[in-house]
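Same chain, two partners: subunit A is paired with subunit B first, then with subunit C.
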Partner chain A sequence: MNALWLELYKLRRKRLALMIALFLAVELAWAYMSLSMSIARNPDNAGWPAALLLVASMNRLFLPILSAVIVSRICDMEHKGQTWKLLMAASVRRSRIYAAKYAAACLLLASAVALQTAGIAAIGLASGFREAVPLMLLIRLAAGTLLTTAAVVALQQWVSLAVKNQAFSLALGMLGSFVGLTAMLFPAPVRLWFIWSYYMDLSPVTYGYASGALSYAHNEFGFQLPLLALAMGAAAYIAGCVHVSRQEI
Partner chain B sequence: MNAIISTHSLSKRYGDVYRVNQVNLTVYEGEIYGFLGPNGAGKSTTLKMLLGLAQPTSGRIVVFGQDLRKHRRSILARTGSLIESPSAYQHLTGLENMRVMQRLRGVPEANVMEALRIVRLENQKDKKVAQYSLGMKQRLGIAMALMSFPPLLVLDEPTNGLDPAGIGEIRELIRSLPQRYGMTVLLSSHLLSEIEQVATSVGIISDGQLVFQGSLDELKGRSRSHIALRTQDNEAAARLLGANGMTPQVGGDGYLTLRDGDDAQVARCNRTLVAAGIDVLRIEERRRSLESIFLELTGKESSL
Partner chain C sequence: MLIRCIGAEWLKLRRSRLWLILVSLPAFSMMIGCANFANNLGVLQNEWYSLWTQVSLFYGEFFLPILIAICCAYLCRLEHLNKNWHLLLTAPVPVAYTFIAKLTITAVLLGFVQGMFALLFIGAGVAFGFGYEPPAELAGWIVRGWFAAVAIGAVQLLLSMRMQSFAAPIGIGLCAVFVGFGLYVAKLGLLFPHSLLTLGMGVLDQQALPAAKLGLFYAMTSAYIILVSALAIRRLRTADAAA
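Right after this comes the complex of A and B.
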C-alpha cells in the first residue's frame, strides 16, 4: 500500500484526471451523436444493446491510446528523473515498484471505465430508451473492458519501462488501436492472439445476422476468452517485471 | 578500527573490458575516504556495486560486516547515497521529492527539514525541481542522502555543478559529518584538490585497478625530494660529480638533479665543483606535488 500511495503521490501535476475526463468526454459525445443519427435513420436502434455495442466498438480506438498515455506518464518520470537508482539505493525492490505502477495504472483506468459505464447509462436516458437501465449488461461490459485494459496495461508497462523513449510505447498504443479496429476482419483463431480485439469480443452484446439482416444479439463467450485475456495479461506482466528487474541501472 | 566497507577482488566486466578489476578497497569507521581517479577509471561502477545497483562479475563486498549479496536491504537501509548525476522527480517540488524519500526511508518530519536546512535549500523547497539549477539539484540529492542520517554515506562527485561558494560549503559539511553525526563517508572525485582538502584516507583507481590505498600522509610521503643544481658548465659538472661517485642527471631545464641528496652530499657536491673551478649558480630542493604523484599513478594527465 505504501508503494501504491507513493505512485499516486508522484502523479501530482501530471493532470491525468483531466486527460481521462477529456478522452471520455470525446468518446461519449461521439457515441451519443452516432447513436442519435442511427436512431434517426432507424428507430429500432433506440435500445440499450445499440448503445453498449457502440461504446464497446469505440473502446477499441480510445482505450489502447488512453492506456498507453497513462502508463507512459506513470513510467516516464523514472526515466526523466533518473530515479531508478534513487529507489534501488533506498532498498526498494524493483518488482515492488513495478507492481505499484501497474496497480496505479489499473486504478486510474478502472475509474475511467466506471465513469464510462455511468456515461452509457446517461446516454441511454438522454436518448429516451424505454427499457430500464440494464445493470447486468453494463457490469458485464465494464468487466470485459477492464479485463482487456488490464492486459493492455501490462503490455504497455513492459515497453514503457524497458525502453526509455516513450515514442515506442505510444506507437504500440496506436498500433493496438489500429489492430483493435481492424481485428473483426481477421479470422477468429488469429484474432484470439490480439488482446486489443477483446474490447469487442468480451462485450455482452454483439452483432447477429438473422435472415440476412444485421441485428443485436447476446454475446455468450463463456470462460475461455476471459481466461485467455487474463493469461495474456499475466504473461505480459511477469515477462515485463522479470525483464525490467534484470536491466542494469 | 572496524572496516565499514571492504571489497575482495571485486571485478566488473562489460563485454571483454574490465571496468573494475580485482579491487580490494577498505573503508574504516569514521573515515572520510576519498576515492580518486580520472574520468572513466571505474569509480562510479565500483560505487554502484557497493550499493547493489550493479552486479559484480566476481569478487565479494562486505558492508557493516555483512555480505552485500545476502543482506542488501538491511545494509542499504543504513546507507545514504548520491550516485552520478542527482536523481529527482522533475515535476515535483524539492520538498515533495523529500517526502517521497521520507516515506521510503520511514524517517520523521524533523529530519526532512533538518536535511534541507543543512544544504540550504529551505527557501527553495517549494520550487519544482525542473526549475532548479544543477547545483540546487546536487544539494537536493545530498539532502535526500543525508535525510536518515545514516552511519554510511556514499557520495559520487558531490560537488559537480556547484559554484565555488557552494563547493566550499559542501566541503565543510562533509568534513563535519564524522564528528557531528558519527558518519563514515566514501566520497569519489576526479579532482585531487577536492579529495586533498577533505579526505583522511585515499584510494586511487586507474583503468579499473586500485593503484594506491592509504592515508593522505602516506600518499604525500611518496613525494621524495631531490636536489637541483645549476652551474656554469653542467656537462663538465656532471662528468666531475660522476667521477666522484655521485649520479647526477642533466635535465633539459638547465639543471642537474641529484636524487636523495642529504645535506652532507649537497655540501660535498658544492665543495667539489667549486674546487674544480666550476661556479655553482643555484642549489634548490625540489619536492613533487601530490598532483604529479597522482598523474604518475594514473598516467592520465588529459582528464584532469
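Right after this comes the complex of A and C.
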C-alpha cells in the first residue's frame, strides 16, 4: 500500500485529473451531440441502449490513448528524472514497484470509467429517456470497459518502462485506437487477438438486425471473452514485469 | 544560419527510429482501408474515389493529427531533457530560427508521411485493377493535407515547447480532433486547423473545393502557421526557460 500511495503522491501537480476531465468532457459532449442528432433523425433511437453503445464505440478511440497518456506520465517521470537507480536502491522489490505503478494507472482509469458511467446516466436523463436508469447495464458496461482497459494498461506499461522514448508507447496507443475503431471490420477469429476490440465486444449492448432494420440487442458474450481479456492482460503484465525487472538500469 | 539550424535539428533525429512511427500509420490505414474496400466491392463501385474514402477516413480524420502531435513532441523531447533548453537558448542563434527550424523539420517529416500515403494509395489502386492513372484530385488532396498538417504541427510544436510532458500535448491534440470534427459538421471547417485537414484531404467529401473556398483554405492555413509561429517565437523570447 505504501508503494501505491507513493506512486499517487508522485503524481501531484502532474495535472492528470485535468487531462482525464478534458478527455471525458470531450467524449461525453460528443456522445450527447451525436445522440441528439440521432434522436432528431429517428425518435426510436431515444433509449438507453443507443447511449450505451455510442459511448462504448467512442471508448475504442479515447481510452487506448488516455491509457497511453496516463501510463506514459507515470513511467516517464522516472526516465526523465533519472530516478531509477534511486528507486532500485530502496528496499522494495522491483515487482512491487511495477505493481504499484500498474495499480496507480488502473486506479486513475477506474475513476475515469466511474465518472464516464455517471456521465452516461446524466446524458440519458438530459435526453429525456422514458425508462429508468438501467443500473445493471451501466455496471456491465463499466466492468467490460475496466477489464479491457486493465489489459491495455498492462501492455502500455510494459512498453513505457522498457523503452525510454515515450514516442513508441504513445504510437502503440494510437495504433491500438486505430485497431479498436476498425476491429469490427475484422473476421471474428482475428478480432479476438486484439485487446482493443474488446471495448465493443464486452459491451452489454450491440447492434442487431430486426426485419431488415438496424436495432439494438443485448450482447450475451458468456465467460469466454472476459476470460480471454483477463488472460491477455495477465500475460502482458507478467511479461512486462519479468522483462523490466531484469533490465539493466 | 537558418540552414545550419535546420541541419542541427535534422542531426538530432539520427538513430531516433522515428521513421518507424511515421511509416506505421499510413501502412496501417492502407491495409485496413484496402481490406474493408475488398470486403465491400458490391457497394463501393467508384473505384479510386471509393478506395480513397476507405483509406483516408480514419487516417485524415483521427490519426494523422495524433501522429503530428507525437512527431512534434518528439522534436522537443531532447530540449526538455538535461536542461537542454538553457543550452539552446544561450546559443548565438536568433531564437526565431530555433522554432522555424523545428517547424521546417516537421514539414519535411509530414511531407514524407503524405508522400508515402500517396504512393501506397496508388499501389493499392493498381493492385485492385483501377489502371495506372490515379484521380487528378489526388495531388490536391495530398498537398492541401500536407499544408493543413503543417498548421496543426505549428500548434502542436507550441504546446510541446510549452509543456515538459511528452504525453500531455498528444492528449490535447486528440481533444482538438473532435473540436475540429464538430466545427466541420457545423459547416465552420475553415476556422480550425484540424477541420482544415478534413476539408483539404477530401476525407468526407471528395468534391473539388470551389475557387473561393480554396483561396480561403490556403489563407487560413497560412494565417495559422504565421500567427502560431509568431506566438511561439514571442514566448521563446520573453518567457523564462524551465528545463
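As a convention for this text, the second predicted complex is superposed on the first by the 249 of 249 C-alpha atoms of A that agree within 3 Å, B and C clash if a C-alpha of one lies under 4 Å from a C-alpha of the other, contacts with A are read in each partner's own complex, and residues count from 1 in each chain.
Please note the rule applied: a residue touches a chain if its C-beta (ideal position, glycine included) is under 8 Å from a C-beta of that chain, and two chains touch if they have at least 3 such contacts.
Just so you know, these numbers come straight off a predicted model, no measurement behind them.
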Combined model on subunit A: subunit C and subunit B, fit or clash: fit
Partner chain(s) touched by A:Lys80 [first = subunit B, second = subunit C, both, neither]: both
Subunit B versus subunit C as contact partner of A:Phe178, first or second or both or neither: second
Touching partner for A:Leu170 - first (subunit B), second (subunit C), both, neither: second
Touching partner for A:Arg13 - first (subunit B), second (subunit C), both, neither: first
Subunit B versus subunit C as contact partner of A:Met33, first or second or both or neither: second
Three-chain overlay, vertex subunit A: subunit B-subunit C angle, C-alpha, nearest 10 degrees: 80
First (subunit B), second (subunit C), both or neither touched by A:Ala229: neither
First (subunit B), second (subunit C), both or neither touched by A:Ala68: second
Subunit B versus subunit C, judged by how many residues of subunit A each one touches: C
Touching partner for A:Leu22 - first (subunit B), second (subunit C), both, neither: second
Closest approach of subunit C to subunit B (Cα atoms, Å): 6
Shared contact residues on subunit A - subunit B and subunit C: 14, 80
Residue ranges of subunit B in contact with subunit A within the complex: 48, 51-55, 72-73, 76-77, 79, 81, 83-85, 87-92, 96, 99-101, 103-105, 128-129, 144
For the subunit C and subunit A complex, residues of the former touching the latter: 16, 18, 20-21, 24-25, 28-29, 32, 35-36, 39, 58, 62-63, 66-67, 70, 73-74, 77, 80-81, 164-168, 170-172, 174-175, 178-179, 182
Subunit B contact footprint on subunit A (complex, rising order): 2, 5-6, 9-10, 12-14, 77, 80-92, 248-249
Of subunit A, residues touching subunit C in the complex: 14-15, 19, 22-23, 26-27, 30, 33, 61-62, 65-66, 68-70, 72-73, 76, 80, 165-168, 170-171, 174-175, 177-178, 181-182, 185-186
